[in-house]
Structures are given as structure tokens and as C-alpha cells.
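Chain naming follows the written order as A, B, C, D, E and F, and within any one chain the residues start at number 1.
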Amino acid sequence: MPLTHFDGKGDAHMVDVSDKAVTSRIATAEGHITMARETYDIIAEGRAKKGDVLSVARLAGIMGAKKTPDIIPLCHPLPVTKVAVNLTLDPDLPGVNITATVKTTGQTGVEMEALTAVSTAALTVYDMAKAVDKAMEIGGIRVTLKDGGKSGRYEA
Amino acid sequence: MPLTHFDGKGDAHMVDVSDKAVTSRIATAEGHITMARETYDIIAEGRAKKGDVLSVARLAGIMGAKKTPDIIPLCHPLPVTKVAVNLTLDPDLPGVNITATVKTTGQTGVEMEALTAVSTAALTVYDMAKAVDKAMEIGGIRVTLKDGGKSGRYEA
Amino acid sequence: MPLTHFDGKGDAHMVDVSDKAVTSRIATAEGHITMARETYDIIAEGRAKKGDVLSVARLAGIMGAKKTPDIIPLCHPLPVTKVAVNLTLDPDLPGVNITATVKTTGQTGVEMEALTAVSTAALTVYDMAKAVDKAMEIGGIRVTLKDGGKSGRYEA
Amino acid sequence: MPLTHFDGKGDAHMVDVSDKAVTSRIATAEGHITMARETYDIIAEGRAKKGDVLSVARLAGIMGAKKTPDIIPLCHPLPVTKVAVNLTLDPDLPGVNITATVKTTGQTGVEMEALTAVSTAALTVYDMAKAVDKAMEIGGIRVTLKDGGKSGRYEA
Amino acid sequence: MPLTHFDGKGDAHMVDVSDKAVTSRIATAEGHITMARETYDIIAEGRAKKGDVLSVARLAGIMGAKKTPDIIPLCHPLPVTKVAVNLTLDPDLPGVNITATVKTTGQTGVEMEALTAVSTAALTVYDMAKAVDKAMEIGGIRVTLKDGGKSGRYEA
Amino acid sequence: MPLTHFDGKGDAHMVDVSDKAVTSRIATAEGHITMARETYDIIAEGRAKKGDVLSVARLAGIMGAKKTPDIIPLCHPLPVTKVAVNLTLDPDLPGVNITATVKTTGQTGVEMEALTAVSTAALTVYDMAKAVDKAMEIGGIRVTLKDGGKSGRYEA
């Protein structure tokens, strides 16, 4: 089974979606960043008081979703109609859980936008806390929902 | 211990690095994407023949490193002097291991550039193989080396 | 009355416009930049002869309108179908009056595009004349017309 | 007195700063956005509780500073070393006062970066509150401090 | 006959396409880069073995097509639905022939996207081979096919 | 002789320039766009009167130079210190001759910036005149001068 991003000669191209229907599409992705307990406490306390890491990362995630076709070489540009990014402090990791939901009305799906939003938000958490903890790790980035296209509903 | 990306009032700002020395800096980050065995085989076979997913992802990673200050809100713009991204097929995952090394001569480190390169390369692998496997997962993204600044050498 | 750019928890998000109708939309914004009489004369003379500040600023404004979703964090990307920016020398300010009109066929309005065009054009005038006048001031930036959406016609 | 952004033929060009000294430079700009009393109260209340318009606008301003050479046609690209944007609720306007301070170590000044940061932050406030108030007005955008270059200290 | 990119006063503007029909549109452009025989041999050998200049240039061309409205001042932003770039080694030049095909469903044509893709791919070949040959020359960039709009089919 | 943009395994990378000296560098490139006599007359007349195609293209070229590291995958980001683009009407082509000169103080050359400026200016001329002439052709894009680096002066 060949990958759709390569043509018959094996050369990369942007898949032709010209004949796909314009439909309402949605995708959700998730991921997390784990950190030292001490780092977690600093972020959690900042949220309660001042210096809210999660707000900055949320905004970075939303803007990251819009940059997706600029970042992912063969991704189609799409006018996204909704982006929501949630970051939740999870004391059990310890760290932050991230989910992103993206919607569009278009000819192709938005799972890359959702994944890019999660990834960008996680990188931003790392950036803001790296002065106190270089060993943070980003993981668990995957698609949990995709719906609205020809291939039907996908749920993980 | 406060986070450096917030000022005394708790407001986010871009840290002042004006008085830091201009030094040679290097950072390395790693990560991976895991996938179904069947997906792995398709990518591995394409590499041998035609339709090379890893080449596209490598280039995306290199370009991603250059976009870092545009993607990460409080990150300083830096003239990177070297970016190398390596993607290796790992049958044990099964999946792809990714490392990125970035260098600069500047006033602040390049670990965000290395992390962004790894993250972008992983997202690009997902994009190119998602037609055959939506359940791929990106993880293990972390800094393994940072050197050249005031805070000294960090190795994971 | 809550602001639409925040969800129930108070977290910023990009408003969901998925269910809004695709309609023809238009917005006009205005603003001005005031300057010393001597600076005004230099710009006015350049317009007549050579070194046309207003042409450069006009083009900057048009390109600025296209960059709006990249600049304004929660703004939806939109395929604008028309951008016109007018800069008029006003000896009474003395300075330059700026208006911008933007159109689209889409699910949300273009007043941010019009405002960004005016703002970018004004900043560009400042940039080109700052060597002779650092005290120029940009003001009066507001929406004067918005039409085509559910909320009806707004005229200032 | 000719404008430096035009050559002898009157054609626009990016000024040659190759022979200028690399020095520490700083610039501060200010501006404001005025609004209806009711709008002011909604933003002020959100700040106290949830839905913080000023935090989103501050981040937009910081990122806007980094985009300056992409937005202003003849502006030199510069590796900014610090960006701080402050937004203060002012019940007397009523509205929001904005200041931005930018630093670099380079061959040309950063007043355009400071102005762009203020302008972007103001536009973002408009975007977030426009659903309740279309008549907000942005003004008073000007440079208040510039120092570090050959032309000496400028203070307004 | 006036140029459509200027209004009645001679000022540049982005042409109003609001009332044009949304139709399927396609454009193809071509171009080439000529080089020394020795340079050609290095690229040809790399293609067979390792170090594939053409793959990197192809990807650059695809991404360049997406950047068109950001690069060409008065170009409308368009959600392209397909981009394919082909680079063929031509021993008779000696050099590389490049073609690009772009499709969209929109209100205006995509010939600028096709031309920008060809141009970007050619510049990338130059970049990758310039260490061995500074005298390469890019030429023959032109539109060979445009179809789908009101002005009918154009074929060169 | 291997190409420097590939490592020992044949994988593309951004060349390490960390150890190269920071020197003053300059590059000049040229190119042209040919067109029908009638098209030439329209542009020439617009230049004299109103609707100046060359001014818009000049500005696009300058901005294009700044976008070079974003457009050319393996190109190093550089703080350019001067960009000048000249467009001259040439009745003998008939068409427009374009030259671009770029300077920087950095660790690598600016010939890609000069070539990108020429290429972007030529594409912009095409865009603005395409409504009257689809058969215009861009060619002769090459480097005519490169100086300031280790490899010495190159003049074509």
C-alpha cells in the first residue's frame, strides 16, 4: 500500500483534494509534558497567583494551529473555524495534560492542526520552565478524534 | 523560585539577555514516533525504493528550527549557524528515532530550536503516514545536551 | 456580559464560527499620523517629485491586512478578496489620513484586517520619516463601517 | 532634507547600516485604546476573575515586536534581546494604556519594534472586545525613549 | 488599457474578486537552471546515490507555492488544493528542468503559485550547488497552462 | 567533489558556519522579465504617469530578500544590513532589467538573498501585468558579484 504523499515515481507532492467534498470537519489531539515535582509546584503556584505558564502555552497552541501549513511541508492550507486548547495540571505525572480541538469547513481534515497545537503548547511550557528544569519530557502526542471526512469517524 | 519568563508582577515578558556574553552554543534534542508494524514496513520500504518519508521530515525539522522564535512566544530570535536532523528507522519501536543538533553564536541557548526541530520532524512523519495509520504516537521529546552558556554543560 | 473570546472557565480560545453563514463581508477602518510641519512638507514634496512615502505605506498596509491572522492571536484566517488602502496628505493635521477597506466571502468579519492595514500603513510612514522626526504620533484608529454578518451593519 | 529611505533617484531602499557600530540600543513606545465605560468594566472584571484580555494582548505585543521586519517593508531584521509590554487599566480614559520596551545589541535602533508591539497589543484588545464594543479607538502611539545609537538619546 | 492592480488614481490595490465565481482552477508553470557540466554530473550522481538535490528543491517549491500571497504583495490568499513540482535532469542544458502544477477551488487563478513554486525550486538548486558553481543561471520561467476562470483556457 | 549541503550519509543538513569569521559581505544578482511590446508600453507609461509597477516590484524584492531563510530550506538566517533593488525599463528586450545588492556582517554570504530579491521582483512584475500578458518570461537570473568571505571575490 503506497503512501498518498508520493506520486507514482516516489516523489513527494501535496495530495490533490480538489474533488473532495467541502464538509464540516473536526479533530482532537492530546499530549503531555512531565517534569520534576518541584517544577510542577512552581507552575501550579504561578497559576494560582501570578505568572501563568498555562495561559501563555494555550495561546501559543492556538497560534500554532494556524501556522500548521507553514510548518508541515505537504499540509494543505485551511481556514480553521475554531481552535480550543486546554492545559490541565496533573499532579500524578507530575506535569501538564494538553488537548486541542480544531474545526474547519473544508476539503481535508484538521488532525495536523490539532497535533501541531498540542505540540506547540508543550514546547512553550518547556520554554517557560526550562530555567528551573531541563529534564522535562514531552510525550503521548496522538490523535483522539477525527470526524467529518470521507474516511469516517476515527476515535482512539 | 520564580520563573524567569515573568516579571515582578507576574506578567509574561521576553527575558532580557542584553548583558549575556556572545558565546558558541550547542543543543541536542531527541524524540520518536511509534507506529503499527505495517506502517513501519511501508516507510522502511519507501526509504529503500522511492517515496522517502524520512527525507521530507528531515527537511521539515531543519526549517522548523529556523521558525522557533515565530512559534514559541517568548523565545529570542537567534541566527542559527548549524542545524542537523537525523531520523533513524527503529524496528523495535517500531517507528522512527529523531535527533536534532543546533548551534549558534549568540546570547542565549538553542535548546528550543533543537526541540522544535525534533517535534516538527515527528509531526511531518505523522502527516505523511496518517492515511494508513492514525494511531501513531509522538513521544520522548527531551533535551539531551546543552552547552556554551553561563549555566554550563547539561547532559541527560 | 462575557467576552466571546473566553470559554466558561475564562480561558482564551478562537471562537467557533463553524455554523455561521458564508456571506459577503466588508469593513472599513481609518486612522492618521500627525507630524511636524517640516516633516509634512518633506513627504508632500517627495510625493510630487520622487521618494513617495505614501506608496510604500500603502503597499505595507495591503500586505499587513493579509498578515492579520498571524499577528492577532485569536483572529480567524480568512481568504480576503479585496484590500484597498488610501493615504491622503492633510495639511491641517499636519500629517496623513489613512483608510482601509477589506472584503471577503466568509464566516466572520474583516474589521481586524482593515484595522491592521491602517495600523501597518501608519507604522510604515513613521519608519520612513523617523530620521527627520521622532515625535510623530499615530491615532484615531477605529472602525467606520462593518457589514455583511449576522450582527448587521455598523457605521460610525 | 531628503528621507534616508530613498536613494538619489527617489527609489525606496533599505538603508545601508553596514558601517554603523554594534551598540546596545533601547526604545520605549506608548499608546492607548479607549472604550465605552461598560466595555472597560467587562475587561477590568475579567482581569480580576477570569478571561484576561490584557494577558493575551501582552503576548501578542511581544510576538508583534519579533515580526516587525516582516511587517515594515524597509525595516532591518534585528535579534531583539528583550521585549516587555505593559498594559494598565485606566478608568479615566476609560481604556487601557500600553507601553513597550525593546532592547537589542545591533547596528540600528528598535523604535519600530517598540511601536509595533504597542500597536499589536492595542489591536488585540480591540479584537477581544469587539463583540461588545465596535467603537473603541486606538491612539497616542508614539516613541517616548530611544537611546544607544549615533543620534544620541531621544526622550519625549 | 490600464493595469487592474491600480485604481483610478494610479494607486496600487488588491483587485476586488468578491464577485467572481468560485470555480476549479489550475495553472502550470515551467523554468530551468543551467550549470557547468561538472556541476550537473555531481547532482546527477547524488540523485543516483545519496544527497538528492532535486528532492530538497521539490519540497522547497511545494512550500513556496503556499507562501505566494506572503511574497507577492497584491496576490490574493488562496487555499490551494494541490501542488506538484517536477524536477528533471536535462543533460543537454546541462541542468534541471522544472515544472509546477497548482490547483484550487476559488475566486482567482493560481498562476502566481505555480510560478513561485518553479522559482523557489530553482533558487534552492542554486543554493545547494553554489559551493561548486556560482555561475549557474535560472531562466525560462513562464506560465504554460491556466484554466478554470472567466478568461478561459490559456496554453503556451 | 561532494556538495556541502549533504553529510557523509547523503542526508541534507544546514552547513555548520559556526567557525567562519564574521566579516562584511556583499552580493549582487541580476535578472530580467521579457514581455510583449504592448505590455512594455503600458508599464512604461504608468511609470511616467501613475500606476507604477516598478515601485511595487522593488518593494517586493526588498521584502523578499528578508524572507530568504524562510523560503530556501537550508539557507542560514542572516541580519541583512542593506538591500537595494533596481528595476530598469529596457525597450530592447522589451521588458525590465532587475538588479539587487545585499550586504551583511555575518558568517556566510548573501548571494541567495540577492537572487531571491531579483526573483521576487520579477514575479511581482508578472503578477501586476498578467491581466494583459500571460506570455511574459523571467530569465537571466544569476549572481554577478560576491565578496567578503573566505572563498574570495567572485565576479561574473
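As a working rule, a contact is a pair of C-beta atoms (placed from the backbone, for glycine too) under 8 Å apart; a residue touches a chain by one contact, two chains touch by 3 or more.
Nothing here was measured: the structure is a model prediction, and the numbers come from that model.
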Pair joined by the larger number of C-beta contacts - C-D, C-E: C-D
Listed chain pair C-E, C-F or E-F that repeats interface A-E [over half of contact pairs the same by residue number]: C-E
Greatest separation from chain A - chain, by CA centre: F
Mean-CA-position distance for chain D and chain B (Å): 31
Euclidean distance of C-alpha centroids - chain A vs chain D, Å: 30
Per-residue multi-chain contacts in chain C, two or more chains: 11-12, 52, 55-56, 59, 63, 67, 70, 73-74, 79
Topology of the chain contact graph, where touching chains are joined (line, ring, star, complete, other): other
For the chain B and chain E complex, residues of the former touching the latter: 52, 55-56, 59, 63
Interface residues, chain A side, partner chain B - complex: 1-6, 9-12, 31, 42-43, 46, 49-53, 56, 59-60, 63-64, 67, 70-75, 111-112, 115-116, 119-120, 122-124, 126-132, 134-143, 146, 154, 156
Touching residues (chain side chain C, partner chain A) in the complex: 7, 11-18, 69-70, 73-74, 76-79, 106-107
In the complex, chain B residues that touch chain F: 24, 55, 58-59, 62-63, 65-67, 79-86, 103-105
